[in-house]
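Per-chain numbering from 1; labels A, B, C and D assigned in written order.
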Amino acid sequence: MPQLLDDLQPHAALVEIARDFHRRGWMAGTAGNLSVRDGQNPASFWITASGQPKGRLDDHDFLRIGIADDRILERFSDGAKPSAETSIHRVIYQLFPEANACLHIHSVEDCLAAARGAADSTELPLPPLEMIKGLGIWEEHPAVSLPLFPNWQDVPAIAEAIRQRFTATPPVLPALMILGHGATVWGQSLQQAYNRVEIVEFIMNYLAHRPG
Amino acid sequence: MPQLLDDLQPHAALVEIARDFHRRGWMAGTAGNLSVRDGQNPASFWITASGQPKGRLDDHDFLRIGIADDRILERFSDGAKPSAETSIHRVIYQLFPEANACLHIHSVEDCLAAARGAADSTELPLPPLEMIKGLGIWEEHPAVSLPLFPNWQDVPAIAEAIRQRFTATPPVLPALMILGHGATVWGQSLQQAYNRVEIVEFIMNYLAHRPG
Amino acid sequence: MPQLLDDLQPHAALVEIARDFHRRGWMAGTAGNLSVRDGQNPASFWITASGQPKGRLDDHDFLRIGIADDRILERFSDGAKPSAETSIHRVIYQLFPEANACLHIHSVEDCLAAARGAADSTELPLPPLEMIKGLGIWEEHPAVSLPLFPNWQDVPAIAEAIRQRFTATPPVLPALMILGHGATVWGQSLQQAYNRVEIVEFIMNYLAHRPG
Amino acid sequence: MPQLLDDLQPHAALVEIARDFHRRGWMAGTAGNLSVRDGQNPASFWITASGQPKGRLDDHDFLRIGIADDRILERFSDGAKPSAETSIHRVIYQLFPEANACLHIHSVEDCLAAARGAADSTELPLPPLEMIKGLGIWEEHPAVSLPLFPNWQDVPAIAEAIRQRFTATPPVLPALMILGHGATVWGQSLQQAYNRVEIVEFIMNYLAHRPG
């Protein structure tokens, strides 16, 4: 086993992550989408094709997309379409030049944790668990929140809401939540983004089942 | 790994699905039954034999049944009997010519989700989660329900209740729930039916554990 | 894969069951014990040795015990001791000549389900789930209970309580529960006992998490 | 499969435990740390390097540390740093000469169980489950508690609090809990420590979900 996900060829790493997350119930059916910035062409990124079952991807189920203009730059079959949520990945890569990987999942715990707040909440306060260190927060009594966005059918509108909010107030955490939908997490490497997804899900699992 | 379940020989695909669902606790003991319409003879379908442990099926644990007349058309051993719930699969294939696969499971979350409604409910309202898109519903604030049927010992009576209700009012979702029992889900392909089972179970898991 | 557990050599089947149940959290640490009646010598049974981690058994971690007199008839090393709960298995084989396998596990759900009743309950009423059919109950609205026994340090005293109760009133179900401890399930074959454990755990999982 | 974890080379055993615990969600991201006393040099122990994803360790992700003086005695690469929580492992090896392995994990159930007590609790009372025997407690109605420590940023201060408390009052159980963080468990062998982690997590899972 290669030691880090980034030691794998990028498409193979995404296939492995998709199978792993599918097994955990975080990419049920064809849900979720995974992307990685292209090493040779950092103004573009590879993202999962739309509509493929995430437990059964192969190395050709990806398209390369221009970050600035949303153009399809490369794909392995003419019919392949990029994930419906590509616009959210684009905003993350535009806003955060240090982000090289972006992973979006759907989990039951994400939905349960967010549902325990008020319906119009714009943030999900995180409990002061040790695990928050894994998201880069090292304070004694951290009081941080996950930015919460409403879930609209119009995905580019969600992407635009993310852009406006994060441009006005850069996020403290490398993650955001869409209500009734799921988490999007980014990192400098695939391994870091993968680790952070595990940590966000640990915290959401706690919030989903906490007393009171 | 073949990319889609439908790239496998149909019996092999059903064996793989049964092992997968058994591992998740959706086919405990000998519970549940899986079927696929016969490609050569679309007026018939293959269904799991009765009484076999679902984690240990092999390619011969299936019988071919006539959709119109319920006759056993093919089997691999004389003693093999079709699943006790064959009549429900027949109704699905009769009512929905586009259905080519039908999967019935028993999950704890199915039972918990349905038990949180009134005892005489005839439908299980679904929460407005993003995941509902995976069942073909793309509205902004979807208000859809899973049809709920009582669990009678007399399985053909359940099948007849399904036929009457769906003939009067075609279902919006490709799935139904039997109270205290489990979900039945269908699709145009094995892969689609499999994906939809995952999505129904995601939603039932949410309903089983939602606050309030 | 052999189709049924009983197609395996009995010790190999018990090793496989132990690894399976350990993976599910039903045999944490060295918890639980598994036995099978000896085919050649039906007045004796093989049971797991005491103190072995259940995820890492091998074919020599078993002893053969006389059903009538509790004598060790066969073992693979001098130091091997039979499970501390051997006396409970003996009572099951004595009372139920048709029982050829007996499986005892510890699950969190067993403990949670029993803890939701009154502290001095002597039975655990089961909900009317379809799954109860897998325990041999085929009524329309089944009203059956799992016999509940207190958990004493003195295991032979538990065994004696089981004997007295089941002699006075033969059990309706092939299973019993020890409070704060776990389920014991038996069957005519290893496969049947294994299937029934899965079904009991399905029902306990429901009871542990049911609303109200 | 070697029968016991201690039959493996120690680094290989720790790699296997880390992969196992990661799969269960007890070492999400890079969380947790595992150590084993060095057989040749019992005044030192090997501990996981800091910052490695625990599902993907290899045999070189360990450093040897002096128990008395905290010195790094051996490592496989110059940049490797010992786990941030090395000081807690040191205290355990100092206080308990019979301890040869020490495993620290982060679990959602640990956090939930501890959160159900009062915020300033210094112990977590354990329920009288049979499983407590696996921690060496064989009383009829055991009334034991897991020592609970606050979670400070200053890990050596936690280690010092453990030393003072356990020097004043030797612990009854081979385990302790840090609030909002996770369990630390030790044993005479890797296998015993591993078994005890499973048992502590069984009990925490019960406490996290118990009624009332």
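Note that in this section contacts are C-beta pairs under 8 Å (C-beta built on N, C-alpha and C of every residue); 3 or more make two chains touch, one makes a residue touch a chain.
Note that this is a predicted model, so its numbers are computed, not measured.
Enquirer: Do the two copies chain B and chain C share over half of their interface residue numbers, or under half; same or different?
Expert: different
Enquirer: In angstrom, rounded to a whole number, how far apart do the mean CA points of chain B and chain C lie?
Expert: 31
Enquirer: Roughly how far is chain B from chain D, going centre to centre by Cα mean, in whole Å?
Expert: Roughly 44 Å separates the two chain centres.
Enquirer: Two-or-more-chain contact residues of chain A, please, as numbers and ranges.
Expert: 209
Enquirer: Considering only which chains touch which, label the overall pattern as line, ring, star, complete or other.
Expert: Basically the chains close up into a ring.
Enquirer: Could you list each pair of chains that touch, in label order?
Expert: A-B, A-D, B-C, C-D
Enquirer: Considering the complex alone, what residue numbers of chain B touch chain A?
Expert: 1-5, 127-131, 134, 138-140, 191, 194-196, 198-199, 201-202, 205-206, 209-211
Enquirer: Over in the complex, which chain A residues touch chain B? Could you list them?
Expert: Within the complex, chain A contacts chain B at residues 25, 28-31, 53, 56, 58, 106, 108, 111-112, 115-116, 151-153, 178, 180-182, 208-209.
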